[in-house]
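By written order: A, B, C, D, E and F. Residues from 1 in each chain.
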């Protein structure tokens, strides 16, 4: 077993963990629980991607991971923006002209 | 069984899953999601075909890969247009039903609030 | 820098015109977007003239050379590059669309002007931009020789068509637009799936190359089935027609004319292109018969439902459903199957003529209905009294368009149906001829009802709600007259539609 | 090798499971979340299929923009869930749909297994012609040289979709700003992220764009990152969407395709064919087209997510 | 004021250009593009985050980074310990921490840093104080937070570091 | 030398995988949204950090090291801000005294 095999196995393990966590999260009960799924996938997915990429010696994987990491918060921000309320410390939006 | 064949089969299964969802889910947003699933299945199949065409020094046939990028951007545009339509429909009609008899009824009855 | 390997494909004289035919409308759209407001309409009208000139120039190049006009984009030959090709079929469609778009543009000048006091208004700006986009996309559908470029063209057509449906902005039109978009996207994705399979099996997306490589085998059958079903959904052939009537009837008249007359012809043309050129050796007799059976069902169902409509625009929209049916009757007659040895040009020409005469007639009828609506303030068929007095030219136009739909001589519809019927009889498929005759009877029934109602005298003291400009009526009449006189094409000395098609191998292969 | 296949099989199963979840789950919001996760998984699959350019596109669009777009819509349409459930078709329809889906899948699977071996490929042809384009990334060569027409048309497709989205504006809001106005605490966490991340995102986005000529990357991927950064600033309330009547906006929206077309027609004179490049000038011209396309794509992609104009700008 | 602005612009521009070089490698063909990218990033950065008055103290910053590293490991280990323990030792609840930093980027940085502190997660603002959600309210959370805040204030070159 | 680096990789990646495991167990076992957020933001970010650390010796070019670290920092920033944002949404959805 080479180091590359080990990295592949580690990638599979991280993916499995993400999948397992996904089950819990996607069941809710709150929307915030569900949104955590995207965060979990962001972190775990980046880790798996890096492991896979280094294992298959594909350098471009780093740029893909860079993009994913940069946009990791994006979906959650869209969610927070839509889950608006009247509290002072939270995003609000208005339709008024 | 090799990687391209595996993902090719995965791709056609995605087309099937998306097709089922497109037919049975009445909510337009879900239909848009199902359409995206079918689309990703088609793209994945194209990607598997590109991978089958790998040669020395090239991990895959670059022509399908380039077309895939075009396809993904076009699918995104389609999704954006559809989502905008659904939202406007919701704003105007208060519901997003696609029931076939709805438009014929609308001029006679007042739109349901 | 040409890099042709071994393909005979080369750019022919006049090939550059094909690029212009595609890109000039889009350049107009881009320029119109920047100018905005009144400038957009000016640009659009100028482009209408230029585009017609380009289409005529292409036809001239085709007839002069007697062979298909070809352009290799970037100098790269297929399979790596993309070729534009215009054979007779494509050129006839290019010309017809240029004429119909010109007529619609002349009509829409009055309806889609920016109101005074505003720099720019939504509906006028979008109408002109979308009209140009529809045109560019249709031209691309006609001349593109590459399956993926055609996919992009189909998507362009969809994205231009959907906003035209919902231009009015009411909940019903939004719902129709959404349903149309979902059908159309579904259709495109199936088409793309078929194209992907073809690439996987044969390593090219070029239509001519595919024609030489495709064999009757499972992959090709699957691709043919997927692409055909996808295109049927976009063309609204029965039973995938449900999206069409509300979408076409709810749009503004000029937009309805574009949608019903032109947009659906794009996907139909592509289906013809695939069946005749790519899958000629692959499709089977039962599949062609199935298509025609669906067409026959569309003729019967569409006409019967049209008869029962209370509103004029819906009637015309359902009549489109029926007329689409005729377009698909040509498949078993033309696909070189049952009649491999016979002359299939009659059926192809019949289908082509049907498409053109329907495009002109339907555009005229929808615009006539728009004028009726403006004048009466409604379009209830039961209450059309006074139209004859207020809009004599328009009523004549409607009747002429209707005559073309029915198939009265010497209309284009007559010649089309005549060619189809004779093809049906020479290939011993008389049942399709029967369907066409029944369809003609049903069509004449509703055209007759509308004309009779419109001829009824107006009640005392009735005045039109609004007056319409004369040139709008003239534009409608011109299109209708064009459709009615299209039957004279039989006297055309050159078989334009047949030019450049003999090079296609595979037709009639066992 | 077998270990790699095992990883691939589990990845494929995971993709299918998430897809099944997206279809089966009761409420739309859950399905949309599943779709975001699905997009990230697909990026992994593209890496396994040796398509890093596609993986980058999927990571940026599938994982970023599409997710944000759908999440916003699902949250707004939450009230329609009950009505949609009432329309859910009966068991017979579902059964027929399932039979249809299985039939299509089976037919396609036979097609996939019957694909010829060795597979037909254009990779050698692309390799042979790559040197004439001057770029090192074959995917970029396909996009901007061999099949430049598709790319040009695609830029127009995206723009046309934007026109379609704009057409959904109420008449009174025509010329106004897309999307609702954001009132966000300028000292909040969201604003903090939107102050820190965009400058870095600009560097990364332009980097992905710039390397595209020779390595995986390119204008679509770079533009998507930049669009996401702009949207982040907008959503954090630190900037507003521009009114769609602005001339500078209109010019930037069309500059990319127009420059593309201009260079394309110039090719007819200098290189003998539309969209051809004269010998030795291929790479600079390709880069010029890409640079011109960047602002167009950034604005179009971001405004597609921002939605239809809804209100007039504050004076 | 103007010199502060210029200095911040230069520093940030250099930083962004350095980041570009690290991403792409020192290839002369990419330098012009890098300068353009750095300029765009600097302009955006100056607009979104106008430079403040303070100067960074690098020694304090290094100490902060070190502590941050330690804390993130401790935080992870802490969660792992609780999650994997049979008894699931959790006493969740909220702790109000009266933050000294004024609202703004500095305070936000504090929130971001402390979100990796073992057992704490900023969950909102309550009358000018930060509201922390804790896995175990019996831990000396406030003390830890105060240490962190002091370090951050020193690193940012704050004027009121010895409150 | 290579062996030492490989062992370092194996140890660090394994530790990273362990924290992904811990994060998933936390997601599955923790009782409410806010506590689950702790598990997600802390354990997974540390897991990603350790994976990145473990991959550093495997980098093929010196610049890849910078990219790897940048990826981790971006993910960390995303995790820290998203964690806070989600906590606010979760607190609002189910207000706890």
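The rule is simple: a contact is a pair of C-beta atoms (placed from the backbone, for glycine too) under 8 Å apart; a residue touches a chain by one contact, two chains touch by 3 or more.
The model shown is predicted, which means the values in this text are computed figures rather than measured ones.
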| item | value |
| --- | --- |
| Of all other chains, the one whose Cα centre sits farthest from chain E | C |
| Chains linked by the largest number of contacting C-beta pairs | B-D |
| Averaged-CA centre spacing for the pair chain D and chain B, given as whole angstrom | 13 |
| Rounded Å distance, chain C centre to chain F centre (Cα mean) | 57 |
| Interchain centroid distance [CA atoms averaged], chain A/chain C, Å | 47 |
| Touching two or more other chains - residues of chain F | 23, 37, 41, 45, 47, 61, 67, 70, 74, 77, 79, 81, 83-85, 88, 90 |
| Residue numbers of chain A (touch at least two other chains) | 31, 35, 42, 63, 66, 70, 73, 77, 79-80, 83, 87-90 |
| Shared-contact residues (touching 2 or more other chains) in chain E | 19, 23-24, 111-112, 122, 124 |
| List of chain F residues in touch with chain D within their complex | 74, 77, 81, 84-85, 88 |
| Sites on chain E touched by chain D in the complex | 12, 16, 19-20, 23-24, 30, 33, 36-38, 40-42, 44-45, 48-49, 103-105, 107-109, 111-112, 122 |
| Interface residues, chain F side, partner chain E - complex | 18-19, 22-23, 25-26, 29-32, 34-35, 37-39, 41-43, 45-47, 49, 61, 63, 66-67, 70, 76-77, 79-81, 83-84, 87-88, 90-91, 96 |
| Of all residues in chain E, those that touch chain F in their complex | 19, 22-25, 72-73, 75-80, 82-84, 88, 90, 92-94, 111-113, 115-116, 118-119, 121-124, 131, 133, 135 |
| Touch list for chain C against partner chain D, complex | 1-3, 5, 11, 16, 19, 23, 26-27, 29-31, 33-34, 36, 71-76, 79-82, 119-123, 126, 129-130, 133, 136, 140, 148-149, 152-153, 155-156, 159-160, 162-163, 166-167, 169, 174, 193, 197, 199-204, 217-219, 222-223 |
